[in-house]
Amino acid sequence: MKIADKKALKRESILLTSLHLFSIYGFHKTTIPDIAKALKMSVGNLYNYFSSKDMLAKEIIKYTSDVIGSEIRAINMMDISTDKKIYKIVEVYFIMAKEKPEMIEYFLRVYLSNREVFNDGCEGMICVSSFITEIMIFFDDGVESGALRNQDFFSAFGLFMGYLGGMVFLKGENVLPQNIEFYIDDISRNIFNALKA
Amino acid sequence: MIWLQSISCNGNAHSFFNHPHLFSILSSFELVYHPLLETKYNLIEVLEGNLECDILILEGSFKKEGFQKNGVEILDIAEAYASKAKKIVVVGTCATFGGVFKEADPTNISGFCFNGNDTTERYKKYASKLIALSGCPIHPKWLSYVLMMFIKNRPIPVDEFHRPQELYGITVHTGCSRNEYFEWKIDTKGWGLKEGCLFYENGCQAPYTKGSCNKILWNDTSSKTIVGTPCFGCTEPTFPKANLFRTKTNMGIPATMPLGIPKRAYLTATGIAKSFRIRRFEERIISYDD
Amino acid sequence: MMIKKLIEKIEGEAELDFIFNNNKIEDVKINFGFSRGIEKILEGKEPFDALVITPRVCGICNHAHLLATVRALEDGYRNAGIKVDLSNKAIDIREFTLACELIQNHVKWFYLTMLPQLEKMLEIENQENHALKASYLSSTITKALAIFAGQWPHSGYAVVGGVTCDPTYVDMLQAEGLIDESIKFFEQIVSGVTIKELLAMSSVTQLQDIGGDFGKLLYLLGSSGMAEIGKSHDRFIVFGECLCFKIGKSIPTQVSTINPKYVKESEQENTLAKAVHYKGRQFEVGSLARGMIAKEPIIKALHKRYKDSLLTRVFARIYEIGLLLDYSKILLNRLDLSQPSCCVERSMNIENFEGIGVVEAARGSLIHKISVKNSKIKNYEIITPTQWNLSHGDDVEKGIAIKAMVGSKSIKEATYIFRAFDVCSVCTTQ
């Protein structure tokens, strides 16, 4: 394996391990030495990959945004109707919440709740741009095809993402009586009914 | 050189008349007929179809039949001279694609060799000697460029619509005084402000319209976008579109992307630009109150 | 006996049928053969799109159409209850650019038509390139126009509430420089006297002080016996609001007010141009009409001696070039650039309204009427100045230009009288 590929794999494993530790012990309580220890790396070596914990925090958000973004991109490329795309997006989001809870948890409980960590280097939405771009493409295609009502972007975005984020939050609080997949059908129908032309 | 008008407003003739070196350019030609300038022959003589013609300039859109002057169908006489001529220059969007006047009768009115995006039955016959200068109207220097290239016997590289690449290879967006605002996605806040870009809300089509209006300035001094008027896309086969003063958006995203830019690329760049607040772009450049 | 003649170089062409009786012209039928259908094209469009379409009626007076459209829209908005209060800056900029277009128009008429055609008629050899003078003045003055309006022909810079431009004093000074150049040219080559001297004239004898090409034209008209031909009904009307002209009618010298509701159009036989009249009577529009209603001293004096003859008509138009050049400098110098360019919200959308917009174009009053339902243009009517001057009239009263030609002994002379009205073929058939 080339050195570059090895480094990339290592980098990714640091990101995933950090995510895992943050979700168990919390963002502030987890330290760089904790992460290094879990990876059986030296702290110095870890600093070669990420110069600070804040830097690591920003890279994680970009990483999670890329992961979700590429799933939604694949859905956007599919030749299916808008309401089916909504179903698939909700499905992807909820399954990720179930199988990789630390990613969505990170977004809700670390990124949104610790803005001061992300102020410098993650201005506005640049660190989540891969995800936002795909949502924009989805909305643009939906309005262009006549399926969705033309409206202000943020009204539609707030409805869609706020709804999904809220459900995942409730899941995280163990308040939902059913498995999260149970809700995919109703929720996607609600979203489509709210946004359709 | 014969300048023949079909269904036209004469805008191209008047625009060319404003060329600062009009007569020195015309001195290289024998002007057989022109709608404004005094020429040896009058229109009735032109309509007889017997005059010599090396360069035929056509202005205005064409109707197969039903548009006559002095009892002569203009399309017929245009074709008669087109067959004789060594070069044909269609000036204006009407003569090129059909333009504004095509809307009165879309089935029967079209440009000389193009009907919107498609070719007409005349295309095959005349394509080899055709140069098209679309625009509503044309800029005088676009025509003088073509005419002087003819004189110097230089080949003119053209695009798929026979428009010179030196003039139509760039977009109207190139050189616009508001480019910085476009780069940083700063929308102008209404009409009548020099600050801000006209693309996001004001209907400006410059980023996807071919033309050199912001490079070879209008009347050697200005352009629509410089004075806050959106580009109406007048050089393109689709002119005039509907709703020219408003940008069509889908959930705030411009429906038409700048030329050749994939939507994902545009949105990613926009997302990044919009994440930063550049103070200078939010302020007015000049303040007149002391 | 009837003789048909195709008259060209009138922004298109027209076919005139001259009807002779006892060797004199008794009647003239004017036929415009093709209508491009702009009024129909506008139906169903968004109201603001008219700002782009109506200038395409005409290559030489497109700016007048633009301003008539925006005034019709603004009138409509006001009728719908919206406050539309243009800043003085916006009003003055629009007046300035309109004045530039009128000047360019008058200059072309003078140097491409009136002077060379007269010299040709009188068989006077002249090697001068009159067209070059027209091209120079036209490109200079339209450059000043373009500084504010972006381009000429076919600017789109007027929107409801004002203008889209946001000029600086750099722009204003550049425009003033171009006006100064034009004034210098006018004074040295066209009139031979300063504009101040020209505008101060008040008696016919002072006309001999006029030199240059203008002086030559006046001399040729006088010495060839053509000064007194071309008289018509001696009735004038001006509808367009402008700080430089006055609205009203003058019969012949009695000036009174008018009401646009008495303007009526009607179809005519054998031509696609519609006739128009005011309270059933024919009225002349154009520079002479404007001079009469504003009671310009020299126009009054000339009219007293020559009535509405060819000489008076021609004089009035060239005189107006001086008037407009002077006026345009005044406008530039009083611009307060700190005022807003546009006073109406960009997003404002009025779904139903009706409005009338009137402008003094080069050849006379231009009227646009718009009616909008459910945000789309339901009806659009354009009445051009040439329609006023070229209406055929009826048995009771012949049209203005026709009356002016009646009694003439030759087609050449009648054609010259016809050209003095400066017909715009493309406008008339729209």
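For reference, chains read A, B and C in written order, and residue numbers begin at 1 within each chain.
To be clear about the criterion, contacts are C-beta pairs under 8 Å (C-beta built on N, C-alpha and C of every residue); 3 or more make two chains touch, one makes a residue touch a chain.
In this text the structure is predicted, and so the values were computed from the model without any measurement.
Chains that count as touching both chain A and chain C, per the definition above, are B.
Comparing the centres of all chains, each the average of its CA atoms, the largest separation from chain B belongs to A.
If you average the Cα atoms of chain A and of chain C, the two centres end up 66 Å apart. As a whole-number value, the distance joining the C-alpha centres of chain B and chain C reads 27 Å. If you average the CA atoms of chain A and of chain B, the two centres end up 47 Å from each other. On the side of chain C, the complex with chain B involves touching residues 6, 8-9, 11-13, 15, 33-34, 36-38, 40-41, 45-46, 48-49, 51-53, 56-60, 62, 90, 108, 112, 116, 129, 131-132, 134-135, 138-139, 142-143, 145-157, 159, 161-168, 174, 337-338, 340-342, 344-346, 426.
Contact residues on chain B toward chain A in their complex (touch as defined above): 249-253, 255, 263-264, 267-268, 271-272, 274-276.
By the touch criterion given at the top, residues 5, 7-15, 17-20, 22-23, 35-38, 42-44, 67-70, 100-101, 103-105, 136-137, 190-194, 201-202, 213, 218-230, 232, 234, 240, 242-246, 286, 288-289 of chain B touch chain C in their complex. Put simply, chain A touches chain B in their complex at residues 123-126, 129-130, 132-133, 136-137, 139-140, 142-144, 148, 150-154, 156.
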